[in-house]
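Here's a structure for you.
For clarity, chains are labelled A, B and C in written order, and residue numbers in each chain start from 1.
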Amino acid sequence: MAYSFNFRDVFAAKDALLDGLALTLQLTATTIVFGFLIGLGVAATAVYGSRWAKRAAHAYVEIIRNTPLIVQLFVVFFGLPSVGIKLGVFTVATIGLAINLGAYAAEIIRAGIESIPRSQVEAGISLGFTRTQIFRHVVLVPALKNVYPSLMSQFVLLMLATSVASQIAAPELFYAGSIIQSRTYRDFEVYTVIAVVYLALAILLRMLFAVAHRLVFRR
Amino acid sequence: MIRDLSWIDPLYLVLALRWTLGLTVLALLGGAPLGLIVAAVGSMHRPAARWLARGYVGVVQGIPLLAWLFLFFFGFPIFGIEVPAWLAASFAFSVYASGFLGEIWRGAIQSIPRTQWEASVSIGMSYVEQLRHVIIPQAVRIATPPTVGFMVQLVKNTSLASVIGFVELTREGQMTAAATLAQLPVYLMVGALYFVVCYPLTTFSRVLERRLHGVR
Amino acid sequence: MAFVELRSIRKQFGDHVVLSDVDLSVEKGEVIAIIGRSGSGKSTLLRCVNGLEAIDAGDVIVDGVHVNDAKADLRALRARVGFVFQSYNLFPHLTVERNITLGPVIVKGLSAADAAALARQALRRVGLEDKAGAYADQLSGGQQQRVAIARSLAMSPALMLFDEITSALDPELVGEVLRVLEAMAREGMTMLLVTHEMNFARRVANRVLFMNGGRIWEEGPAAEIFGAPRTEELRNFLGAVLN
């Protein structure tokens, strides 16, 4: 093998990597918050909305789930300026990622809502709860608890998917890697390090969610 | 030199779909056998084997697909092998697919009742024979809807092969967008083409799912 | 006017007529037992009283409120009509106490402290004060059903509806629930029960309704219904059930 692995150059650029990592974490956190809220709203609309609202919700979910993320990001990236909206690349990336996550979250949450037996709802009706009260107190918490694992898996996938934002020049971890690669020509080493960092992030994120589960659904 | 968007551009986009689908097929050809092995190892009664399979799945699923693409793209030259983008992409997607398919199929195998294992081992079958003749035939029904669902994921994910220069639908779109500066219409067309391919598959997967759980 | 009035009730599911020409008047403080075979329409009738089922024709009037009227304030009515289900339907993610205080707080606007006091009182009535912090899956079927009763009682209802509440319980747990019902009857609660517990009905109910094929087939004081059935169908039913 006429190739000598050289990780030193990569580690010398660790500041750049850390900056990228910080942005990845920020992007992940912001997207999860907005994506979850979008998903919740769309799921509620899909279950309780008027006929047209339901159709709109289904259309949104199907369009997003049947097209690639990178194309969605390009559409947002080029589409916003064309209607005169100029935003920073972090915001654009968040918007694109949140719209994407929202569709997947909506499917998951909708399944959760529909898994609550009608008898629970009837108990709420018989006690005189309004529909909003039934949703808030009887349906929502058990529904989220039921789909928590699926939802958390989706969030981890989202964190990994933030790497795609590198293609619209969002300076997250993967983008930082490609910059270092073009500077040091240590292609393989750079991406090995990046891969390991993502893997570590994925593991840590899962552990974080497991802890959060115990805190939120204390039983 | 910037040119205008013309009627022939959508045609080129549609033609580029064949590379998208071709890459998907290659990913399945490589990923399915590997995934089967992962599923088989992951269902063994030995904890060490299961641990190994779980580790493989965890690593494959825990690394972004873009990273896998770049690792294979830059990895081959290290051994002195120059590979074209499509081959590197095929390897990357095969590994990626094996991690997800392996997990789906392991889940399906796991859902077969223990009694089936007990019955087949009692007539002297080996582990592989049990899998081949008793367990997998039953698991196939359960595994089909999520497998079809994953194929949709694969088709969408081939879009990332554009990043290492493989000319499939997304890359064709990027080149057209750069040449015409009509980025929004181009990418909307690209999205629509993916939708046309993926939506029927998604619907099919749902039909399969309903047939699986409805008919009892 | 009687507290509960059902006039010419008719209900069908598709072609299947579930209730036809049902008339009933219930005075305050009455305990009415509804008996009959499955499919006779008794549960459906009960569910029409608090609007869980809509009727196709007729009038359901509870405490002056026309339940079947589209503009009726069912929420306010349901806050005064308690309904206990066969499968208890406790909220699994909430403690026993929270199950009971939820209604008073969000429907009646009570403060948390007042609601908690109400909950303790209700739990005392059903004999489960020590289970306030437990969750549904930690309780036996009989205990869960008593919590369900307490949950309805905490809303201070004027009328209680019971839909075969002991049918899903193991036999040895039925007694504790019936004892609670008996105490409520003695205290003067207006109660409509769909039940298979014939001995209980004979002892505690003022009037018994025998339903058959969607109609009230026979009706009268408990002693008469059980002691001197007039129709063939009731005789057959009692013969089958009491053996």
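Everything below uses one rule, namely that a residue touches a chain if its C-beta (ideal position, glycine included) is under 8 Å from a C-beta of that chain, and two chains touch if they have at least 3 such contacts.
For clarity, every value in this text was computed on a predicted model and none was experimentally measured.
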{"item": "Chain of greatest Cα-centre distance to subunit C", "value": "B"}
{"item": "Dominant interface by contact count, named by its two chains", "value": "A-B"}
{"item": "Per-chain CA centroid nearest to the all-protein CA mean", "value": "A"}
{"item": "Intercentroid distance (Cα basis), subunit C paired with subunit A, Å", "value": "47"}
{"item": "Whole-Å separation of chain centres (CA-atom averages), subunit B against subunit C", "value": "55"}
{"item": "Between subunit A and subunit B, centroid-to-centroid distance (C-alpha), Å", "value": "20"}
{"item": "For subunit B, residues that touch 2 or more chains besides their own", "value": "none"}
{"item": "Per-residue overlap in subunit C, given as positions that touch at least 2 other chains", "value": "none"}
{"item": "In the complex with subunit A, residue positions of subunit B that touch it", "value": "58-59, 61-68, 70-71, 74-75, 78-80, 152, 156-157, 159-160, 162-163, 170, 173, 177, 183-184, 187-188, 190-191, 194-195, 198-199, 202"}
{"item": "Subunit A to subunit B touching residues, read off their complex", "value": "1-3, 62-63, 65-72, 74-75, 78-79, 82, 160-161, 163-164, 166-167, 174, 187-188, 191-192, 194-195, 198-199, 202-203"}
{"item": "Residues of subunit C defined as touching subunit A within the complex", "value": "50, 52, 74-79, 81-83, 85, 87, 89-93, 102-103, 106-107, 135, 151-152, 155"}
{"item": "List of subunit A residues in touch with subunit C within their complex", "value": "119-120, 122-123, 125-130, 133, 137-138, 141-142, 145, 217, 219"}
